[in-house]
Amino acid sequence: MTNLHTLKIAYIGGGSKSWARSLMNDLALESRISGKVALYDINYEAAVQNAKIGNQISQLEEAKSNWKYEAVSTMEEALSESDFVIISILPGSFEEMASDVHTPEKYGVYQSVGDTVGPGGFVRALRTIPMYVEIANSIKQHAPDAWVINYTNPMSLCTRTLYEVFPEIKAFGCCHEVFETQSLLAEVVKEFLNEEVAQRSDIKVNVLGINHFTWVNQASYQNIDLIPYYKQFVEKYAETGFEKEEGSWKNSVFSSCQRVKFDLFKKYGVIAAAGDRHLAEFMPPIYLKDPETVSSWKFHLTSVDFRKENLKKRISENEELAEGNHKFEINSSGEEGVKIILALLGVEEVVTNVNYPNKGQIEGLPLGAIVETNALFRNNTVQPVFAGRLPLDIHNMVHRHVLNQESALQAALTKDKQLALNTFVNEPLLTVSREEAEELFDEMLKNTKDYLPGWAI
Amino acid sequence: MTNLHTLKIAYIGGGSKSWARSLMNDLALESRISGKVALYDINYEAAVQNAKIGNQISQLEEAKSNWKYEAVSTMEEALSESDFVIISILPGSFEEMASDVHTPEKYGVYQSVGDTVGPGGFVRALRTIPMYVEIANSIKQHAPDAWVINYTNPMSLCTRTLYEVFPEIKAFGCCHEVFETQSLLAEVVKEFLNEEVAQRSDIKVNVLGINHFTWVNQASYQNIDLIPYYKQFVEKYAETGFEKEEGSWKNSVFSSCQRVKFDLFKKYGVIAAAGDRHLAEFMPPIYLKDPETVSSWKFHLTSVDFRKENLKKRISENEELAEGNHKFEINSSGEEGVKIILALLGVEEVVTNVNYPNKGQIEGLPLGAIVETNALFRNNTVQPVFAGRLPLDIHNMVHRHVLNQESALQAALTKDKQLALNTFVNEPLLTVSREEAEELFDEMLKNTKDYLPGWAI
Amino acid sequence: MTNLHTLKIAYIGGGSKSWARSLMNDLALESRISGKVALYDINYEAAVQNAKIGNQISQLEEAKSNWKYEAVSTMEEALSESDFVIISILPGSFEEMASDVHTPEKYGVYQSVGDTVGPGGFVRALRTIPMYVEIANSIKQHAPDAWVINYTNPMSLCTRTLYEVFPEIKAFGCCHEVFETQSLLAEVVKEFLNEEVAQRSDIKVNVLGINHFTWVNQASYQNIDLIPYYKQFVEKYAETGFEKEEGSWKNSVFSSCQRVKFDLFKKYGVIAAAGDRHLAEFMPPIYLKDPETVSSWKFHLTSVDFRKENLKKRISENEELAEGNHKFEINSSGEEGVKIILALLGVEEVVTNVNYPNKGQIEGLPLGAIVETNALFRNNTVQPVFAGRLPLDIHNMVHRHVLNQESALQAALTKDKQLALNTFVNEPLLTVSREEAEELFDEMLKNTKDYLPGWAI
Amino acid sequence: MTNLHTLKIAYIGGGSKSWARSLMNDLALESRISGKVALYDINYEAAVQNAKIGNQISQLEEAKSNWKYEAVSTMEEALSESDFVIISILPGSFEEMASDVHTPEKYGVYQSVGDTVGPGGFVRALRTIPMYVEIANSIKQHAPDAWVINYTNPMSLCTRTLYEVFPEIKAFGCCHEVFETQSLLAEVVKEFLNEEVAQRSDIKVNVLGINHFTWVNQASYQNIDLIPYYKQFVEKYAETGFEKEEGSWKNSVFSSCQRVKFDLFKKYGVIAAAGDRHLAEFMPPIYLKDPETVSSWKFHLTSVDFRKENLKKRISENEELAEGNHKFEINSSGEEGVKIILALLGVEEVVTNVNYPNKGQIEGLPLGAIVETNALFRNNTVQPVFAGRLPLDIHNMVHRHVLNQESALQAALTKDKQLALNTFVNEPLLTVSREEAEELFDEMLKNTKDYLPGWAI
């Protein structure tokens, strides 16, 4: 029996400027558990700053629990005796990310995010996998019984690496993309059934696929099958897109009008359950043909320059906060990490979507591949829920990515450049000639070579 | 969207003297749904009587919903337009059941129930399968979209037959045996943790195995792992057995002191999650060697004479009730049928144990075999929860029964007497010589031959 | 026991101008079996003509056996009481084939054959599958125990359809492409080991993949591992290509210099075991970018005009032969059909490559998919030989085609145009925009719509 | 390319009194290969003696090749640089074997061999597995690329252990039991078809099952299906048994009249393809009820006293031979080891039965379990041939043993006495009470405890 008030959470990537704050907020709003959080980051100062912020949050009046935050200087120190491990790292710097996202543009290949699939996601994976090998080995040694929650992208390959290195690990990956789909379905209910859905989780969905290319083939609210209503909704909004406030999608680089999602429904008959920016990257260059096409589908390319700017803002904001110059407000993040932690502590059973090795929960996908479906979380256990089989045409697209991911993993582990190249050219987004693809591959590898020790680059 | 107040339930075996009443009570206590129940039984009079009883219950003041009961004279009439189908039949009469249970005694083979495995369960299966072939075909024709809940034993083979004949059927089997284990674990909590468990379902268990030979390898209450406490409990009560009131096990032929369950835990390290009467029949004749041995383990052989007496009582009680000579009391049955119906109607999500085709929820057992694990019930969907793998030694015993069940099904479908015999002699309970086994087999088949048309008997 | 001298062979597509003659020759050269061949063709006259030719061959002095050929006017008549069924049909006419091959050229998509994959192979499959449904049903009814040998392309989907419709069928597909690879390896032996290989089958290869995209990962001659020698051979000839007689590849539209095969070895490290014309179509447009690229890789686009011309020649040649105006020469065809027939009759055991449902002979590919590996042929039995697993990068490419084939089958069976389109756009050769792909798809379907009854075209 | 005349064979158990001589003879009779044989045995003197014998055989005039035999004192020395490894050891001494075979007799449990299954085979396995762990580790270190041929019983578990410890090992197990079935089928041909079969291997059989409980469901000679003839043969000889010379079965403890084999065919409809002494032990005590029953089925219990006597004879014979006092005769052993070695060297392709991890060659049995089927042997490769699925009733019996073997392996590796006991009581031959079984188990473990270091005995 774990004592609910002397918990230890290890946070790998504890200098994070965004996820870390979400966690701090959510922990502060939950009275049933407390303990300490050890923040580890290769940027130690950033961890120290977050510790300061966290401890201030704990002391706010509206905080319902008192968590103690501490920056630590080694992974071992963070992991030792931890009950939970959260991993949310930036693999490499924005320099490498800029190469991931923008180098392909020279060849006419555009990516809206560049962290999951496509040439950018692929190269990011090659760079990230060795880091996850190290983390997995460290967990094996220092916290073999801890529950491990991954937030880093590429989600599937990060989680897959953990299991490859330490098969007994108790790890899974959390992602909020499906939540947005539930929220969208709540809008459908509002529009056609004239009813306000009390909370997102009242929309029941059957989730199946892989992270960021997840699909929902059953959706209901109470005893109402929502698929026929969603169909009407798509028919109504396919051309214009849907947004709560007109034109608001232009205000944020992360926003969209769901036109990609709607178009995929028209083509495949099943709800694509991730944001348009992610979905587009799993497909051939239909939605990402060029910047004009992207605009016409009403979503955005996220430039790394934007990210750099954005980060600067968050850094200075954090500094202010750390120094206590700012008034805090504790807001629930909308993430489910803390809810899941509670479930794993036996406080409250939860069924939600999760990235986890395929035990058969998706028929027809290889066992062991990291897939996204619902799972039942209970005291010290996560159990995937059987989700069935994807429609054939979607299955084929998903399966192609699953196989590419497995190849990417093996290429990364064995530092096999030829296998890496042969996998790279399989990316659906990459329809340039083989010669150009090879050139691009070489250039991208060179740009990230500091993170590829042992490779013949 | 199904209208929650114009539901139709078809009850196959609607003349039933016990399960039918449980359902009537549970429906009456639930305000959120209502409609009509069509009772079909080969004994039409019994169905008429139950309809009378049901309609009286509906009119009681404490009834929270108004269900209309009607006896119908054909299966088609019952099934047409039904939303749910409940099957709970007696396959054959008590004459055949007497042969199942008592003929083997001539050869020194004792059975405590005789309806699931062992020579009796096996022959009962041969007799029941053709009935289920007929029911499945009728459902396929008249109610292909209805949810089908089976209560008849042998549970696994009845459900398996439904899927063999109509693979798209939406069927599963419900059984209360695991509930008893949850209740026992609540006693463990009380004894060692000094806490009253509010409701049985607060005990979370991971269920895996096959019906009546089900196992629980994880059990928790809140954040407390109950396995170590159960171990202590077993150590304390292995010899004496456990009962709430001393000596009470002697009062009912259905009672026991859990000594078989405790002994299995000592031998196999995992909780056997069915009653001792059922568990004993899946094993070699350890607990069922002879009547004295049964007594020493503090459980009972259920004689069919007892069942006949018991039935007589229930019949006269029913007559009284039907005539309105008795005051009714509506008591919750403790069964979960109505709770599951509510979940399938989207009213309230439920996770509970169920008998369902293996989709991979139990690793290592053949796909398609009917296994018992937890499942998630939601609007119009049942999804098994991944339960893992049984310990090797238990797996071997369970797998043997699974294979025997598959052989029994094929033997019944093809009326293959040699295959039937070769399966019969695989029953662990049957350790007599091959010659005696063949004699016994012949005699038992003869006794049930009215229900085996087309067989060379 | 089958009488070896009263055999009946049914030939579906018996008016064939090429395969039929190969069979006649090979049968004539084999003294150990004889009987009759029933030729069925939708072009009855062509079958009559072939019967005449066949009967003349039988009477030649050098014929070692006396086969009687007869044209029949119904499939039933051909199939009834047959021991073997050979299927080699032209699905549709050269008009549809011209559309398959040349319509995509308008969009810059070039195909060297157009009968297996790519847009042409896909549409050909849609047209062929209903014909194979009819054939399979006819075999089920009239010749359920006969051995069925398929020669029609698309090989995998034709064979797959037979099994889908009649799962108990005893069918497999034969293709000579791998033989060429054995012959090439014999050249390797000659070049580097200075030894003449007596017969092609002395080169032992492990075959795995799918028809026309088959791979060889082990090759030996006696106790010599040939892979290292093949590597040297590729290094030597990768640029120039290899041909026995310089410049001879230009003389025939079916010839090549193996440069595609060599390039694939350089990229993937395993021998691609089909002709360059076929291999190129399974890949993205590397080798088929445009006619100039094709020339530079030293192989050809086969125009349907050429096929038409070629056919004319063969028709007039056949007429001459049928009328007895020509002297026959009986030459062994190099095909293995008759050798396999002998094996299935118990005359002589054979191990050779075959297209057959996956029973696990290729790890990681779906069970039931038609794969190409070695198999052991013996009296009345074909048993695939376990071939192992493809290297990851090749596996990914092969698997993609396997999934597309399964989708194509389902689209054809259910006449689902959307599924067909979603599969069509998955063809690696097709890198045009989605809009163009849809246009092309529509045009190609229209051109073949006479063979797509029931489709919404 | 391996030089065929500088081969090195390592013989683990090289002091063997019987198998070693078979090998020496067979090697001497084969001119196409030669080299040296390193004999390693824990009894070094026995190896020295065998080396002397081997070298004398090599110098005989009729020897077609010159092999050099050498006794070595460490396993490493034997294994280093070897091309082939042969393992044929006696696990423990005749003392332990006497306990395996005869201790159960005190409880009325009789075994005809006691080296494969049953209580004796099980305990022998527990003792042998640690030895095979050591051998596997040594091969991994010193001869990872060598081909390893196992002859030791229990065959399945020895081979399984090699793969468990060193998954990349190139190992398989050879057994001659199926050959006897082919010879018996040659007798069937003689009797009903009046034809002499030239050689045993002209009888083609489809082999499936596990070692010593192997089955043949297809058998043919040329184009003749032998199953119907075997059926007649069984009908004719079921009661009397079959022997070439009347009464000859009484002359050798290893002989039988095949009555068990025939009876199994009558019960299960498929040919049991091992000797009666082995087959009987896999079944409940039908044929092994007591010594009288054994006699009535016309086979023998092999007492260990007999083995001891027999060994003495062979030892003195060997001494004579080693001293050169005896004239040698070189006789082919009838074993296929050398034939298989030739095939693995690329000299001549062979299809024969072999014990090998299940890759899917038997449907429905767990992947990785050691099963017996045909395989194709070629240069440096063994590839199982797809054998299909056993009939349900036989499958159930075979599967039970497969699961027990897996449990036995895990019990032996983890020294888990409870798991061992729970597996022991699953042996079909053991129908005594649980109490007696536990007593027997304890006694047998004690008798072999010198070979069970680390166990709590």
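The first chain written gets the first letter, and so on, giving A, B, C and D; residue counts start at 1 in each chain.
The rule we apply is simple: contacts are C-beta pairs under 8 Å (C-beta built on N, C-alpha and C of every residue); 3 or more make two chains touch, one makes a residue touch a chain.
Since the model is a prediction, treat every value here as computed from it, not as a measurement.
Undergrad: Tell me, which chains sit next to both chain B and chain D?
TA: none
Undergrad: Through how few touching steps can chain A be joined to chain D?
TA: Between chain A and chain D, the shortest chain-hopping route counts 2.
Undergrad: Tell me the rotation angle, 0 to 180 degrees, that brings the C-alpha atoms of chain A onto chain C, to the nearest 5.
TA: Between chain A and chain C, the superposition angle is 180 degrees.
Undergrad: Average the CA atoms of each chain to get its centre, and name the chain whose centre is farthest from that of chain A.
TA: Using the mean of the C-alpha atoms as each chain's centre, the farthest one from chain A is D.
Undergrad: Compute the distance, rounded to whole Å, between the mean C-alpha positions of chain A and chain B.
TA: 44
Undergrad: How many angstrom lie between the centres of chain B and chain C, each centre taken as the mean Cα position?
TA: Distance between chain centres, rounded to whole Å: 55 Å.
Undergrad: Among all the chains shown, which pairs meet the touch rule set out at the top?
TA: Every pair of chains meeting the touch criterion: A-B, A-C, B-D, C-D.
Undergrad: Inside the complex, what are the residues of chain D that reach chain C?
TA: Touch residues, chain D against chain C: 1-2, 4, 204, 206, 218, 220-225, 345-347, 349, 351, 359-361, 363, 374, 376, 378-381, 383-387.
Undergrad: Which of the residues in chain B end up touching chain D in this complex?
TA: 267-269, 284, 286, 289, 364, 366, 392-393, 395-397, 399-400, 403-404, 406-407, 410, 418-419, 422-423, 425-426, 431, 433-434
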